[in-house]
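Below, chain A partners chain B and then partners chain C, in two separate complexes.
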Partner chain A sequence: MSVKVIIPAPLRQYAGKSDSVLVDGQTVDEVLQNLTERYGDLRKHLYSDEGKLRSFVNIYRNDEDIRYLDKGSTAVKETDVLSIVPSIAGGGPVGPGAPAMAGGLSLLMKAYCERKMR
Partner chain B sequence: MAFELQRKELERIEKEGVASYPEECCGMLLGKEQDGRKVLSDILPLNNAREDSPRNRFLILPEDFVRGEREARARGLDILGFYHSHPDHPARPSDYDREHAWPWYTYLILAVEKGQPRDMTGWLLSDERASFLPEEMTISDEGTKFEARSGT
Partner chain C sequence: MNPITQFAAERKTAKLSNDEILRYSRHLIMPEVGMEGQLKLKQAKVLLIGAGGLGAPLGLYLAAAGVGKLGLVDFDVVDFTNLQRQIIHSTETVGKPKLQSARDRLSGLNPHIEIETYETALSSQNALGLFQDYDIVADGTDNFPTRYLVNDACVLLGKPNVYGSIFRFEGQASVFATQDGPCYRCLYPEPPPPGLVPSCAEGGVLGILPGLIGVVQATEVVKLIMGNGTSLAGRLLLYDALEMKFRELKLRKDPECPICGPNRTIHELIDYNQFCGITPEPPPPPGLTEFELDPQDVKKKMDRKDDFFLLDVREPHEVEICTIPGSHLIPLGQVTARVNELNSADEIVVYCRSGKRSGQAVEFLKTAGFRKVKNMRGGILAWSDEVDPLVPKY
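And now, the complex of A and B:
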């Protein structure tokens, strides 16, 4: 079974310049695995060296962030659309009076999601 | 790829940076890619979600990204990149900027020193994610010749 995956503009150059592709899979993890097998250059932009989805990469099933569903195990069906949605982050160097949160963006996004789910 | 903007848009970003000082401002760069150049039409200021550390971090949440993307699409524009300020730090990308960057997007960085706007530079993430490359910027006054600036 194939589902449609929307590719954001910055990643299209690594996905045959397509804005969407059809990819096989029963869960989000399976779809992303098959997507990055087909387009190997996508992998380093979606996953860290440790093989985890980067903290600033968000996956939506239709209009819902999969963090609020079943994460990578979220089931998909043929009529679903998966979107890769960027979080945009950055900032200046760490300095006096400007503490960086320990754990960085991953922890912050986790805290944000937990707050939103309450 | 060169990035083109009018001076009035540069001044809007400077006003954003001054207004948010000593915290970082952030927003989207909306426009079109034309003949291998990115041409800025408008900026879209967005909320900096880093409540824990807004003086040296910014975060645009995915729902704000989606909202901005919809607005861009409704106006026939694309997201060309993002701007943010570095309060009391040079307009150069930090390692944190690079680690969280996306390819293709232009990252404009405005230095704001003691509440006053200073340099603004443009950067692109390299293909292998190892570095930021300076992007050529051209700034125009309406009807006058272009002035070149780059992030070197």
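And now, the complex of A and C:
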């Protein structure tokens, strides 16, 4: 039996560019196991080195977070949809994590100013 | 203060002027807003973190709607790459501070509101003081340390955090830290390690996307102020622009949450760079390391017809914009899988747009046993500046 797994934009490059894939399994763990066997590069994005599901990746069965169901043992049926929902941070640079980004922008600004001076 | 001025000042906060009544008439004639709702908007104070992709539509619509006081936190300068999505800025304001550009635009749009700007990086030292004066905080940042900082400060002060986040063509929105609702840490207890998730600067973003997500945030702000409708608190809205699909997931308050749970362990703001595993970048060394090459030196190697392998680790759609002749493409995400296509005996020069992704590729190749691998400093941007201006920067 296979269920639909929705792959989010940041991870599609590791899943053959698909936005969703059909994967066999009776539980969430089985489905994710089969998914990461098919797409090996996905594994490190979903699991830590200790094999734990990463804490910035949430898995939903339909609209419910599996952390509030049976976690990895949550049963799935053919009509269910599993969503992988990783944290994303995009918006606009500001704050303590910004310096790396600000460096990139200042490079562009430098280029811009140099162009203006020519 | 003389009694007449004082009276006028009181009337100003309690009532709308005739000019304002005309301006907000489409609000005033709808029962869901009306005079009561418009006065609530006028008395509201909203702090926007970031005057970028999300902050632009947030600022514009909240100013237009008549939110009485808007605070803006940012320290960046407008550049050309912003204009594809940050519609609060314009070609004329390139090179100016974003706050100055945003203030001019917003006060031009609505002179009846107060705009306060804070040209600073939000930090654990200033966040609580800044947030204190506002009713609602709208988070439009682009990095994890600030996301967690905004969340924690909102939870500690009991102020709603209207959240939006974007990547390429996908967005998320929700409302965190309402009285009984979940917070950002309930959704994601920990951030990803640095480098695993690309930023918008590296991953790109569809310019229209922050427009839509920012407008969702603005809508939630207005609803919170007026106290009507159903808030996104407890729900995570997911939007896929390519499929034009909206989905909604349930968010629960995590009983184990370290900041909003009953047994919370965080009672004050922490070091968010450390929490997110980010070590502040040291100042660049005066010379280059043994694993770096200047673009001009790469050009010299080409002119001498040196035997080396030029590796482009950008994405195929970037190659369509421009390329350096003689290069071989292996996008960064495929380098690990396709490492067998490379010969560790060859001298390999790696480049990308800015030198950042190629730096990661070089680090990986070094760990994979490649010793003759070098990063072209500054990538295409530096190549265009220093070698071939016909190659466009993007």
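Criterion: the second predicted complex is superposed on the first by the 87 of 118 C-alpha atoms of A that agree within 3 Å, B and C clash if a C-alpha of one lies under 4 Å from a C-alpha of the other, contacts with A are read in each partner's own complex, and residues count from 1 in each chain.
The definition used in the following text is that a contact is a pair of C-beta atoms (placed from the backbone, for glycine too) under 8 Å apart; a residue touches a chain by one contact, two chains touch by 3 or more.
Here the structure is a predicted model, which means the values were calculated and not measured.
Asks: After lining up the shared chain so the two structures overlap, which partner does A:90 touch, if you call chain B first and chain C second: first, second, both or neither?
Replies: Both: A:90 reaches chain B and chain C.
Asks: When the two structures are overlaid on chain A, which partner does A:19 contact: first (chain B), second (chain C), both, or neither?
Replies: Touch partner of A:19: chain C, not chain B.
Asks: Mind working out whether A:68 is in touch with chain B, chain C, both or neither, as first, second, both or neither?
Replies: Second partner only, chain C.
Asks: Return the residues of chain A at which the contacts from chain B and from chain C coincide.
Replies: In chain A, positions 8-10, 13-14, 44-45, 55-56, 58, 60, 65, 85-95, 97-101, 104-105, 108, 112 sit in both the chain B and chain C interfaces.
Asks: How about chain A: which of its residues touch chain C in the complex?
Replies: 8-10, 13-14, 19, 40-41, 44-45, 54-56, 58, 60, 63-65, 67-68, 83, 85-105, 107-109, 111-114
Asks: Which positions of chain A touch chain B when the two form their complex?
Replies: Within the complex, chain A contacts chain B at residues 8-11, 13-14, 44-45, 55-56, 58, 60, 65, 85-95, 97-101, 104-105, 108, 112.
Asks: Which part of chain C faces chain A closely enough to touch in the complex?
Replies: Residues of chain C touching chain A: 49-55, 73-77, 79-81, 86, 94-95, 121-124, 139-147, 149-150, 164-170, 172, 187-192, 196-201, 203, 205, 210, 236, 238, 240, 242-243, 247-252, 254, 272-273, 276, 278, 280-281, 331, 333, 336-337, 354, 356, 378, 381, 384-385, 393.
Asks: State the interface residues of chain B toward chain A in the complex, per the touch definition above.
Replies: The contact residues of chain B facing chain A are 24, 26, 49-50, 52-53, 55-62, 65-66, 78-79, 82, 84, 86-89, 93-97, 100-105, 107, 128-129.
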